[in-house]
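Note that chain A is present in both complexes that follow, paired respectively with chain B and with chain C.
And then the complex of A and B:
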């Protein structure tokens, strides 16, 4: 890129200065807000007030923050799933489909087994089965990747579409097991009551959209953070991610590392889908298809730079933009959803773009004319 | 061949044919920490094949890159047809008819041969005149003996074919001078012969070729002139017919070969490593043939040889990283061939690979974390003792680093090598056999001394050490016995004091008496 006789030169930093770690994300968010503000102003919405509204609806009001936490719960799981795979340079983008399968698998247990089980066992069974279903959904891509070196990107993506059609088929296309038999209205068959959790009230008498599964998701993040830091498994995956040749030299089993990481990633996404079952949905609910929490998990993981604890924060941040953005549409000065999406996009683009500045030193150098 | 004429390059004004096509005059090029080219003079006559010979890191690629315009030297000039030219980019080089085929190909895998050939070509119209291009490509492949299907997709071609694409591309762009950087590195012997025919076809029509290589054996036939580099400097230059591989080897590895040596102080012990009748093939080509060797506790056995004669395969077979088709490897009495790297280690083997940062160490991980790489790890990794160990090593071996948590990629080559050696010699529990490959490549004198002292110490502690090195000097200094590996076979074995440097040098070049 040449600008006014100067060339932008990008050099990798040898050491990332401490200040860059703090300054870059802050500047990224500020830039994003400025860009978003310009959009708002151009479309005739007062930027500052809209931002305050967004803040209130997404984070600071009681219903705002509880909605956000509820949405963040499965998002933490898909974010962890993406981070887990991406850390190992395995670019699975199948979290969306694995999450649907988690919903289907969890619902199946919730319908078949949960009746005879107390909630203390029924709810975990749903989650565990969701995990198994999610892992099963990535088993074939994992095998292809580990044994034949087939790119996991395409195979996992394709399976997302299969999973999507599977859900649609169960609810709209057939009157099978997952379809509610008590009505002709196309909706899912409800799981047993013992397989459901009640929403958290946060010491009030209000009904919120946040469920105790939030703590399960946070615990998962903390556990992964700890486990991958101290365990041999975490060590081997880190070596493999850093240098596959070194892993080979040290006698590590790369096929096992690759396939197990993908399976765990699928399981994490599956748990996210199962949390939707024990929480708000209680059935196979095509509503989940509208939210895109699987793809959002990839963004969350990237924002968190694949750090498991940061995934929790990034998921809450991202979910807040969502809920806040949705609320703006129904305020008395409705902001079109497109603007909310632009805002989200701007935050993400700048946050990811900031990465360039964190890792590299960017300078302008004078272009020297070729003298030949 | 005994009569050899070594001409210092400064005294050569005109090469084989007379007219100088291209020359470097006192070219100096620095990289952080090294002078890759130090006042280098080099010239090339029209129609000549001038070989640039030298060990890895000698500065050959750097010189070729200066000549083609990829690098700009800090001092010195590039002269084309008697006039100084300033080349700011490979594009400028091409404008003067100079093109380089890099060691690592620069092709787009998804494009066809023809598309790759015209890629980056200046006068490209918006819509490709495919038929015309393909016809022209076909004409070039015909003339210079470079069989290629212009419509084949590059991603599906072999290394040899890709190289032809690079050459065709250079010729298509009108190159009169072709710089081939290590063109034979990826080729099988029959392909090398084909390449030589192409080179001859080019010089036949008046084009000139700079042929870069670190393989002594192959260059004598093709070259009109050979210039040897070592440590960024030109150490000598010989003409066709005067080339004597023995002296060339000496020019490559250094004039004086020190035989003031470190030898085993104590009598050798029992056989700890034995390799018998090992045969290894890769993709149908024999890499190792009938390898037999034994190493006893308390001795260093040196494997000498010019790069690419099977050293790496030998080390990998012993380390369990690749399984030989035939033969046995025994480490401390346990057969290990085909049991994987873990099997060899459990039997008592430690291995220092040639590629420190990309193989021996995990570059982004800390010194501490690298120390646990080859040890038996529990479910939870014990980093506490590794930290203490790291601190001890840093102090004892004077490793220059901010601390044990520094990533190894931030260490200099010498310090990274100390970490790697320390881990393999001291930290691996019970390893009595040590395989070490090119342990001092690219290190400065001080670090070389430390590494040699460490190996010496390990020998005196009773370890069986196999030292695989292309540095003949190093082998002669350290080894109690010397083997020469040539084209995957052990062609010479000499013991201790009767080691004859000349005979080793000859064997390295494939001459056996």
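And then the complex of A and C:
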């Protein structure tokens, strides 16, 4: 490609420079804001003011940031789930379904066991059972992947729809265990009070939408970051991701690596679903299904380049776009909330495009006149 | 009465199948070249909203469909640029397309939300053929695009399995290095087929808008049909003609929950019936994964793998 007498030269880099790790995401966000700004301007909304409102409603105001942190909590979990699988080149997109199952599994424990347990045990057991249910939901795709080499992309995707219908069945389609028996209104049966956490007040007397599960999510991220760095298991998955053949020749068990990574990924997404049970929902709640946090988790993971610590930041960024967008919709100059979704998609697209600059050195070279 | 409603269910299933066939044809053509585009749902929505807005402004159905096709080509070109050009992860790029397409369609569709359709695609009047018992409503009760879609599936099948460019397409999905060594351009083939596939996806969305939807209803307009189309690709084992049969089956199971509800039949709860297409597809996927079936009719072998000449 030749521009203004200069040729764009692309050279492969031997090592990724440290600066690119920061610059690419930041530039992606800026470019996405520009694209969003164009659409805003075209539809008659002043872009700068809209963005300042978004910033205020999503991040800098008290309720803005607490709402954002509340939404980010399960999103960190689905983001970690996606990052854990994707860094092994296992493209599970079933976080959505595993999250629903986590909600179902956690609720089950919350109803059956929690009454007889103190909160200190009841809350963790809800989270653990959410993890087990999430892992169980990915067990079949994991087995198929490890044994038959069946694409986990499609099998995990298909199970999302089964999970969605399962939740709808429990709440709308039947009057079974998970349905609230005290009313004919279709809603979930609430878990025991001992299995619930109260929202964080952040040293005020206000009621927020953020729950202490946020710290569980952050701890999970820190633990994964540390564990995958120092453990033998982390090393083996890294080798396998780079070169499955090398791993096989070195005697690593590829079926075990693949299935265990997928199971852990499912468990992480399941914890995210269970966090709704101990936190805001307290029951199986189909209203949650509209949120799409499973798919958003993949986006968060990709934006974080599958780095567990960066997942936390990316999740907060994304959650803020959504809460900010919600607030814009009801402001006196209503901007469709979809602008937040446009921004999310655009950020990711630019981040993907930024790969070129991460992996390659791109320079403009003056075109030399041919001399004879 | 009872048999009548089942007849209508069946006719409806075939009608819905048109969107499924078109969208999965697009996905099949894309995936056969080795590129997976998970963005179908976003593409359908963009096709639907573009079609609506253009038809609203011009009153011309053909212009609306053309605009939808253009949008499909542009969006899938972004996907191709990222995945073929920059070798970005195809899964992530596809999901970005879903999010971007869903967001953008809702954003630009906000002003037309709930408006009546500017044009409607109506079934053809085929005279005595339409009056035949059973066959009339089921086979001859559709609009021209339904029939064109069947023809298109046949054409795609012929192209893939009986022509030289089709052979190159399949080779690109299975063994890009071979195509490259032979002097073919892997990137060129992938670009073209990703864009053609994208055009079919947005066309599917526009058709759905004018023939099946009552109004633009944000993301609920297509209600997950794009994801079903992706499942259908696997169900059809990447073969266009099988997509027709699969689409009718899927369309039927999409309609049956409503019919069961209307008839107050409670053999199985509708939510359980709604799981069937996915469970059946999963079973098909497992069968396709057995070593024998994989050799005979498996997925394109290099699906999702970027091709880099100097790395092979």
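Here is the rule we use: the second predicted complex is superposed on the first by the 343 of 372 C-alpha atoms of A that agree within 3 Å, B and C clash if a C-alpha of one lies under 4 Å from a C-alpha of the other, contacts with A are read in each partner's own complex, and residues count from 1 in each chain.
Methods note: a contact is a pair of C-beta atoms (placed from the backbone, for glycine too) under 8 Å apart; a residue touches a chain by one contact, two chains touch by 3 or more.
The structure displayed is predicted, hence computed values, not measured ones.
A.B. asks: Record, for the superposition on chain A, whether partners chain B and chain C clash or fit.
C.D. replies: clash
A.B. asks: Applying the document's definition of touch, where does A:144 land relative to chain B and chain C: first, second, both, or neither?
C.D. replies: Only chain C is touched by A:144; chain B is not.
A.B. asks: Classify the contacts of A:133 with the two partner chains as first (chain B alone), second (chain C alone), both, or neither.
C.D. replies: neither
A.B. asks: What is the contact status of A:235 with respect to chain B (first) and chain C (second): first, second, both, or neither?
C.D. replies: Once the two structures are laid over each other on A, A:235 reaches chain B alone.
A.B. asks: Looking at A:338, would you say it contacts chain B, chain C, both, or neither? Reply first, second, both or neither.
C.D. replies: Only chain C is touched by A:338; chain B is not.
A.B. asks: Look at A:327 in the shared chain and tell me whether it touches chain B only, chain C only, both, or neither; answer first, second, both or neither.
C.D. replies: neither
A.B. asks: Does chain C touch more residues of chain A than chain B does, or is it the other way round?
C.D. replies: Counting residues of chain A touched by each partner, the higher count goes to C.
A.B. asks: Report for A:165: first if it touches chain B alone, second if chain C alone, otherwise both or neither.
C.D. replies: A:165: touches chain C, not chain B.
A.B. asks: Tell me which partner A:154 touches in the superposition: chain B (first), chain C (second), both or neither.
C.D. replies: second
A.B. asks: What is the shared patch of chain A, the residues that chain B and chain C both contact?
C.D. replies: Shared contact residues on chain A: none.
A.B. asks: For the complex, which residues does chain A have touching chain B?
C.D. replies: 14-15, 230-232, 234-235, 238-239, 242-243, 245-246, 248-251, 368, 370-372
A.B. asks: Which residues, counting only chain A, touch chain C once they are in their complex?
C.D. replies: So the residues of chain A in touch with chain C come to 39, 43, 86, 91, 93, 140, 144, 148-151, 153-155, 157-159, 161-162, 165-166, 168-169, 172-174, 295-296, 298-299, 302, 336-346, 348-349, 352-353, 355-356.
A.B. asks: Could you pull out which chain B residues touch chain A in their complex?
C.D. replies: My answer: residues 85-89, 92, 95-96, 319-321, 340-342, 345, 351, 353, 355, 358-365, 369, 372-374, 377-381, 383, 410.
A.B. asks: Looking at the complex, which residues from chain C come into contact with chain A?
C.D. replies: 36, 38, 78, 81-82, 86-89, 91-93, 95-108, 110, 224, 227, 230-231, 234, 269-272, 274-275, 278-279, 281-282, 285-286, 288-290, 294, 299, 303-304
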